[in-house]
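Common to both upcoming complexes is chain A, partnered first by chain B, then by chain C.
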Partner chain A sequence: MDATKPLRNIAREILSRDDVACLIGYEKGSYGFRVAPCVLKDPDQADRLVFSPLCVHNLTNYLTLENIGPLAQKDGDADKIAIVVKACDSRALAVLMAEKGIDREKVVVIGVCSSGVVDLKKLEKRFPNAVENTEVVRRNGAFSVMYQGETVEVPAEELLSAKCMRCKNRLPVVYDELVGEPDEAPGDEFADVRESEARSVEEKFEKWHSELEKCIRCYACRNICPLCYCSDCALDRLNPQLIRRSVNYQENLLFHMTRAFHLAGRCIDCGECERVCPQDIPLMELNRKLAKDVKELYDYEPGVDPEAKALFATFRPEDPDEGIM
Partner chain B sequence: MKFEPTIVAFLCNWCTYAGADLAGTSRFQYPANVRIVRVMCSSRINPAFIVNAFLEGADGVLVSGCHPGECHYINGNFMARRRFVLLKRFLEHLGIHPDRFKMSWVSASEAGKWTEVVKDITDAVKILGPNKIKREQVWMQQSL
Partner chain C sequence: MDTVILHKENLNEFLKSLGDIRLVAPVAENGKTRFEVVEDVDKAVIVLDDYTASPKKVMFPQTETLFSFKNSGAGFDTAAGTHPPVTVVFGIRPCDAKAFTVLDPLFSQDKEDPYYKEKRESTILVGNACTEPTNRCFCPSVGGSPGSTEGLDVLLTDIGDEYHVEIVTDKGKELLKGSETVLLDAPKDKRKAKEEVVGRSLAKIRRQVDLKMMHEILPGVFEHDMWKEMAEKCIGCGICTYNCPTCHCFDIQDEGSTATGRRIRVWDACMYPEFTLHASGENPRPDRSARLRNRMMHKFTYYPTNMGHIGCVGCGRCIELCPVNIDLIEILTRVREVINE
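Let's look at the complex of A and B:
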């Protein structure tokens, strides 16, 4: 199914509305398999939009960045922002709405039913040095990749990103317009978390020691996260200074522990932090562990209900007393 | 030399701190390894404090507050419970042994329970040995 055409039609319609300032979507990137986020203001620009398995970004990040970049120049009554979301991105919207981080009235949500995006790292490993802008199309169980003038069919499992292989729901949680129809989601059993839980504490220590030592503290994982939108971030503060500026295992541990814990019961598994990490640290393993425990201990799942209260803002008297004397 | 662990304890002002005080005035004997930080409520404790205590050289960290339902601030300890039960599992995932971090409910009259809790964590940490995630400069200060 090609979502690009119906998406363009809907976008054209929305952009010609008086109350919509701009539309955030995906356009063709500059080279290789790149697809870039774009901000459109004019109905004529709608033909720039694309939607393919290469649209990996979670655009909801831009909604909380509205005061910088091209989104800042909003005029008068046109104060709504339209945004293209996949199912996982819409869960971020649901959390943002539940936390009153965004005003639902100010957002026009175009939900696109995606049957999974590719993992760019896997794709570029298999098809290296793609210079010309190429395309990837999903055809049933396979991706057809245009590479150096040829079309190559690759089974979906070989390129699909990990988050899509454990997707819980392919239908966006919140949307005003829907493009396409959702196919069945594979469901999430937290098999990967169970596997890492089976290791001994020493093995876990060794693993995370070597992983966190690699971190260069570029803060990309925090900046890309659609749910890390506090204007005054605990990771930046100097007074009180929770985390020192030195880059070593100890401070990195504190940094990543704090970052992941602030996302406990909020992370919606969009995998952006891991995607942008220049050092390939498996950050989702931290978030996933917390997600599993939150589900197990408190039967709480973020991004399902836009009305739900935050995990740490509520309690039940019968919450487990695990390990408490 | 025998290993003597350092335990940092974050105690709520209204219950456990008073309980520890009572243990003192009642002349109960308990390990002197524990260093107490008084906070107004167990829910005041940021998870980063716990990891920071480990980085600063604590071999074990204890968080203690009022029994559920007895919080001076009505529901602070319920909030703290959610946070720290989850944190304990998370620290284990990062390679910090779960015995190094403990949470307990000790009321102002439970001096006996306080001594038990301190003995319990001290013994557990003694078996585990020194903490491996100290900040490097802390190591340097100790070797001087």
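Let's look at the complex of A and C:
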């Protein structure tokens, strides 16, 4: 399915509305396989939009970033923001709405049914050094990759993002407009988490010591995360300075553990933190472990039900004590 | 300049022949290539065909102790940080070596920075010419070359079964004194072989940007809306600055207690709001567009004006690693369009 054309038509209409300030979507990037987030303001710009398996970003992050998001918008006629979301991205919207981080009324949601996005690191390793803009198209069980003037067919599972291989539902949970129809999703049994749980404490300690030691604290994981949206992050504070500025295993551990725990019951498995990490730290392993615990302890999955309250805003007398640290 | 030949199978012998010197080289560790201290040449996996790692931290560590302090009751006793041993950085790319020549005037300008200077003086840079430049590389646009010796003491170029070894400085000459057994005299045609390799590399570099008069053009677009458009997708992380071989801003912090602790300097990034946040709460660079603009202005106007060098060596790491495809080449191309409009 080519979603680009219907997406452009919908976008053109939405951008013509008096109550919509801008539309956040994807456009072709500056080189190779790169696709970039874009903010459109005019119906004439709708033809810049694209949608393909290269649209990896979770754009909902922008709704709460300074100077774009509804939180920063002044009241007026054009006080709504339109946004393109995949199913996983829409779960971030659902959590943001449940937490009152954004107002549902202020967002026009264009849901796109994606059959899975590629893992750019895998793609660029296999097809290195593409300079001209290059396309990737999903055809049933394979990706067609245009590379050096030729079309190469690659079995989907060789390039798919890990999150897409365990996707639970390809229909966005929140939308005003919908592009395409959802495929059947593979489903998630937390097989990866079970595998890491089986390791000994010593093995886990050694692994995370060497992983977290690599962190350079660029905060890309935090800044790309749609659910890390505090305008004043406690970890940036100087007084009290909860985390020291020195970059070493100890402080890095504190940073990542604090962040992971703040995302317990909230992380919707968009995988953005891990995608952007310049040091290839498998951050999703931390988030996934907590997601599994939350599911097992409280039978709760963040973002799947847009009507549900946030996990930390609910209490049931039968809640187990194991979740209390 | 002296030129010698090193057979590839003698590489480890060569590295061992450098003697009792700290060796820092790009090693594969945990799926990532990083410049690290190599204790045992035979055991380490030295990766010479990877372009990801930058050795900036050898001269300018991310976290550096300036001194430690202890309250003795009668006052503070201070102790200097550690002194670096003589170090060889092996396998550094020409762009990353050039980056140190960009940083040199900054750290010696008004007052010599002893921490940088000490490491700079005790470090010998042995380069590895680029044979497979990537799609992010654009060093020729900023006056570099895949085979440039600028900033290097020795440059190795892979010319097939052997390395063409150029001894650029006296420091380099001194370093190779003990390696005579593995270094062979270079016949004249080897020079040509090197030039051919560099020529092939240059042909592979396809991204470029026109920087003619850029330092004068940029101030003319300071107030233009283009910065807002370009920065809308910026998430304000530190990837571009922390992976840049020429970015050099740092913060100074005291860590510990009033009884004992240390004063450190640690990398800082101009893309963070906190970077320019005043104690009053005022922030002169209040949003991401002001920060992105400053980063460009700093590299292409302020730095060349004040230090005589463009603050960019064309390594393209900021382009490759940016999570949202903010592309320095695209920005500078847009600047020229705006001026011509």
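Observations, loosely collected:
In the analysis below, the second predicted complex is superposed on the first by the 310 of 325 C-alpha atoms of A that agree within 3 Å, B and C clash if a C-alpha of one lies under 4 Å from a C-alpha of the other, contacts with A are read in each partner's own complex, and residues count from 1 in each chain.
We adopt the following convention: a contact is a pair of C-beta atoms (placed from the backbone, for glycine too) under 8 Å apart; a residue touches a chain by one contact, two chains touch by 3 or more.
As the structure is a computational prediction, the values presented were derived from the model and not from experiment.
In the superposed model, A:34 lies in contact with chain C only, and not with chain B.
Of the two partner chains, chain C is the only one that A:217 touches; chain B does not reach it. After overlaying the two complexes on the shared chain, residue contacts for A:142 are found with neither chain B nor chain C.
Once the two complexes are laid over each other on the shared chain, residue contacts for A:275 go to chain C alone; chain B is not touched. In the superposed model, A:304 makes contact with neither chain B nor chain C.
Contact with chain B, but none with chain C, is seen for A:319 once the two complexes are overlaid on the shared chain. In the superposition on chain A, A:248 makes contact with both chain B and chain C. Of the two partner chains, chain B is the only one that A:289 touches; chain C does not reach it. In the superposed pair of complexes, A:196 makes contact with chain B only, with no contact to chain C. Of the residues of chain A, those at positions 248 touch chain B in one of the two structures and chain C in the other. Interface of chain A with chain B (complex): residues 196-197, 201-202, 204-209, 234, 242-243, 248-251, 253-254, 257-258, 260-261, 264, 286, 289-290, 293-294, 297-298, 311-312, 315, 317, 319-325. By the touch rule above, chain A contacts chain C in their complex via residues 29-32, 34-39, 57, 61-62, 65-68, 128-131, 210-211, 214, 216-220, 222-224, 236, 244-248, 272, 275-276, 278-280. In the complex of the two chains, the chain B residues touching chain A come out as 46-48, 51-52, 55, 68-69, 75, 78-79, 81-83, 85-98, 102-105, 113, 116-117, 120, 132-136.
Contacts from chain C toward chain A in the complex involve residues 29-32, 34, 62-63, 134-135, 204, 206-207, 232-233, 235-239, 241-243, 251, 253, 255, 264, 266-267, 269, 272, 274, 287-289, 319, 321, 323-325, 327, 329-330.
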